[in-house]
Amino acid sequence: MSENADSMQTRHFLLRRLHSLTGIVPIGVFLIVHLTTNSTIAWGGLNTRAQSEGFGWMDRAIATFQHEVEFINNMPLLLLIEITLWAALGFHSVLGVYYAISGKSNTGAYKYSSNFRYALQRITGYFGIFFIFYHVATLRWGWTWLVPGGTKWSHEAASSTFAAAIQGSTDGFTPVGFLVACFYFLGVSALVFHFANGLWTAAITWGITISRPAQKRWGVICAGLGAGLMLMAWMSVIGFATLDYEQASRVEQILHGEQIHLNDEPN
Amino acid sequence: MSEAEAYSYDAEMRKANRAKAVAGRSVIFKIKRCDGPGKPARWESFKVPIEEGANVISSLNWIAANPVTIEGKKTTPVVWESNCLEEVCGACTMVINGRVRQSCSCLINEYAPCEGDVMTLEPMSKFPVIRDLWVDRARLFNNLTRVKAWVPIDGTYNMGPGPKESHDHQQMRYALSECMSCGCCLDACPQFIKEEDESKWDSSFIGAHAISQARYFNEHETGKQLKADRMDALSGAGGINDCGNAQNCVKVCPKGIPLTESIGAIGRSATIHAIKQFFQGKK
Amino acid sequence: MADEKRVIVVGGGLAGLAATIRIAEAGMPVDLFSMVPVKRSHSVCAQGGINACNDVARQQGYSEYQHFDETLIGGDFLNDQHPVLEMTNWAPKIIDLLDRMGVPFNRSNEGFRDLRLFGGSLFKRTHFSGATTGQQLLYALDEQTRRFAAEGKVNKKEFWEFLWPIVEGEGENARCVGIVAQDMRTMQIQSFRADAVVMATGGCGLVFGKSTNSIICTGGAASRCYQAGAWYGNAEMIQVHPTAIPGADKCRLMSESARGEGGRVWVPAKKGDTRKPKDIPENERYYILEERYPKYGNLVPRDIATREIFDVCVNEGMGINGSNQVYLDLTHMDPDYLTEKLGGILDIYEKFVGDDPRFTPMRIFPAVHYSMGGLWTTYTPGNYQPESPVSSFKPGDPIPIGNEPGHGLDIGAHNNAMTNITGLYAFGEVNFAYHGATRLGANALLSCIFDGVCNGISVVNFVREGDQQPVSELDQALFDAATKQEQDKHDKLLDSTSTGTGDQQLNPYQIAFELGEEMNAASTVVKTGAGLEKCLIKLEELKERYAKVELGDGAMWTNQSLSFTRAVGDMIIIGEAIAKAGLLREESRGSHYRTDFPERDDDRFWKTSVAKFNKETGKSDIEFVDVKAGLVKLRPRDYGKTESNASSASKEPIGAS
């Protein structure tokens, strides 16, 4: 084999495996963290430390979420983390699209579940890229012209501004807002599937699961993880889609005003 | 549908069809025909009387002896590749009712039990058509050369027995050795794309067939000597990493070869090979 | 260093590939012609195994010599003896070679090669790889060939059909210097030069219509050599396999290994018993072979099993529900054991019939399987030349000759496995040499590979050392004339499309069908003089019709009909040689059973029938020449038929005679 072909082959292998790896670390790990954080809007009421005068279940949830957002925002080397994530995401997306267009799905003729998953992995990939772009552009880069109602998300008022963005106004659902909520619902579902299924195939790619029973067992684990993540994802979307802007705004003001320190021991 | 479900569903359906098959019926064969490379494809239908035990081969034989379409137009006998008619040579593979399989083992009773039922025959979709149902599978054999699918023996002189092998290991290898290079796994694979340009074959996806054969030879005591070469080929473009894990291959394999296990095993070998290359490789 | 001399091998089955490997290994370039990708050759259909003496059998009293002896008695002493001795002596080494090539032979618990029983022997001497041994062996050779092809030493020409041997000179001076072949896709006809040509083109089952053979086994290539002047030996010796699955397009083989592993052949004892097989109690079943041959039971040689099954069905009308079928029963065995040892063939049965043979007895009937006859070949005997032939041999007797190479054949002699045409060799099934009047099960794979690896040396020596003129120096006119001859035949067939009358009598498929029906009826299990005479008249009629045959496809591209039609004419000619030799052999021997001459007649017919094609009359002239014996003396062949043998209860194997 010539030197050139040799390095081509090494590069090919490296790119392929990096593609697989980046899907899990850091992207997959980030997805888990992100969904865990966001889903606090649904279960943060359990957090008794987020307590203040007159706080109910929902108030505590809003407070918890707000705290998590601020915690992340204050992390050291946040920029480094972000750059890593951007790089990984960009790499995974560009290569993913390139790989996906090289295949030709045939679920019409071969109606096997694994074949549907193959097709779905690619569809969710395309859709996921689109969704992430929208998600980031509207919330992170402040492309408010893409947001119905034009609400600009801010990390100081994470719950309320996001609720407004996903509902289409600060005053409950608008028709376009409903579409955005649905879009979010589909987007997060797609990404969770993409991750869980990708985790399953990665184990074959890397040669971790070989025998059919092993692949099946690992499949159950991936499905379980996927189901858990899916639950969190849906809880997040539904949580924010049904969140009352006024209430969230009020809690956020209280938090900023009263300087509640959630890390302190509860009284 | 899962693999086991698909299999039992298929078996149940075929059994039920066999039970209700009508004696003395005729079946319509809708055949995709093409006179040669670059010529347009066309469909022709034939009404074929079904005798006991008829399969696609005997029906095509009948058409060869009576080449008249259902409209009464005289045509030429259909061209197709076949040889053993026992599903061990792999020659007579074609797409029947939308699915790739061998035509010899395709019993009409199991697929078209009633008068006027239609059987659709098409050439394999991933290989260039030579004529009618006959396709050129040279790429498939080329892929075996790509992975050096042989045991590098010194020669044919008498040098005693080969390496000893355990019973279980032989059983594992035997399962892989039954591959007849029919190409079903490739035709059903969404990652294996038709490629007529021969110069691109070596960088296009190699498919489950050759991956499994590479494993077969890697598992042999002497065959192992070429493992590094095989893994080099399989780590590059068109190698193991191009697999998309749709796992159609294992479901359409007429010999029930554990192809997805081979893909996993070669994936592991590729991982180890890469690590070894990184830390020990001279190149 | 450049070796300009080339060898052509025609046929990519076991014999052709073994020859290719051997010749390429010696550094001689090989052009390998095959009608199909070599991996799809008919050898894949072989199921049961490959015979060879082995360490276990040796310690039980078996030897290569006894394998030799068994093969001769199996063949009813019609085999030329020296090549058989050499072959059986090579057998264990051939197994070792295949083992080294990676063939997944079944293994014992300790990891040694497992063995099974097979017909014609009381010793386990058959090596196997599941029930797809032929497939595994062919693949191993295919892989080695692929390796040589990758190194540029072998030029594979797949989808090329052999049309004619190019022969220079006449009679004794005839020499083969190349072939004419046609690309089956582009239809291009071309001549190729070669310093030697090896025919490894297999059998001629399609002459009999439905057989266990693959659809390329027309015998067309052998017939073309025959018409070009090569002699054809023992044409009448056609093996009918006792157990096949009758089908609409072919009869699928049910391996002898099914019986080797314990399968039992039976019919309901009461004629017309319509109960399901499972409902018929043990004592109401008639175990045909076990009752008629208590010593060998279900493992009598194939011709005997076939005749008994045929007798029970056709003469006594005791077939299942009055049909021509008997049960082959494995249901008393452990299903898992069966899956491991016989999975391949049981799956075939299940796929094509729909019943699982692990739980339902299979329904089988004999079908044409193998041609012992083939192109006549000669050899130079080896150094074992006993003063008088050995008259009897039993296990435990001192072995008359050891297993070293060179006892049977003078290895590397130029004429080993060479036809009467210099430079034209015949290997494998198309070589008449090894199997006499019946081939023992699991000897076919052996003879194919033996021809390749042993007689391949002769080809190399002939090309390298022979004093003949190098083919590269011959005048091109000879080759052009041969190409033209074939092109004219081809064009004439093509022309018949446009000038046709549409007469169904002139349809090639109809002619082939009638040929098969006639040959099957007259010249298989049971033959009579009257039947064979009638058959010859029918063949004459078919020949006349064939002269006016009308092709259904006039395409200039990938015309399969043309290829088939061309072969039909050649099949009629081989069919005529088979029937005529059968008519003239007025005795019964091995597979050849004449009701009008039911006994073996050694005085008149311990002779090889040699058919020579008469170019004037277009017919076969048959001569009978002495069998080349001298190593083993004739003795009767009875396999301990019922009343005569009482030792069948003995547990330890006690030998074949």
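Letters are used for the chains, namely A, B and C, taken in the order the chains are written, and counting of residues starts over at 1 for each.
Note that in this section a residue touches a chain if its C-beta (ideal position, glycine included) is under 8 Å from a C-beta of that chain, and two chains touch if they have at least 3 such contacts.
Small disclaimer: the values here were computed from a predicted structure and weren't measured.
Set against the Cα centre of chain C, the chain with the most distant centre is A. Of all chains shown, the one whose average CA position lies nearest the global CA mean is B. Chain A and chain B have Cα centroids separated by 41 Å.
Between the Cα centres of chain A and chain C there is a gap of 68 Å. Spacing of chain B relative to chain C, judged by their CA centroids, is 28 angstrom. Within chain A, not a single residue touches two or more of the remaining chains.
Across the interface of their complex, chain B is touched by residues 1, 5-6, 8-10, 12-13, 16-17, 99, 102-106, 108-115, 117-119, 121, 201, 204-212, 215 of chain A. Interface of chain B with chain C (complex): residues 15, 18, 35-36, 51-55, 57-58, 61, 64-65, 67, 76-77, 79, 81-91, 104-105, 107, 130-131, 134, 137, 141, 144-145, 148-153, 155-156, 158-162, 164-167, 169-171, 173-174, 177-178, 180-181, 217, 220, 222-223. Remark: chain B residues 1-3, 6, 98-99, 188, 190-191, 193, 205, 232, 235-237, 239, 241-248, 251-252, 258, 260-261, 263-272, 274, 277, 283 touch chain A in the complex. Residues 21-22, 25, 36-37, 39-42, 44-45, 93, 95-97, 99-102, 104-109, 111-113, 129-130, 132, 135-136, 139-140, 143-144, 146-147, 149-150, 185, 214-216, 246-250, 252-253, 340, 344, 348, 351-352, 354, 453, 507, 509-510, 513, 552-555, 557-561 of chain C touch chain B in their complex.
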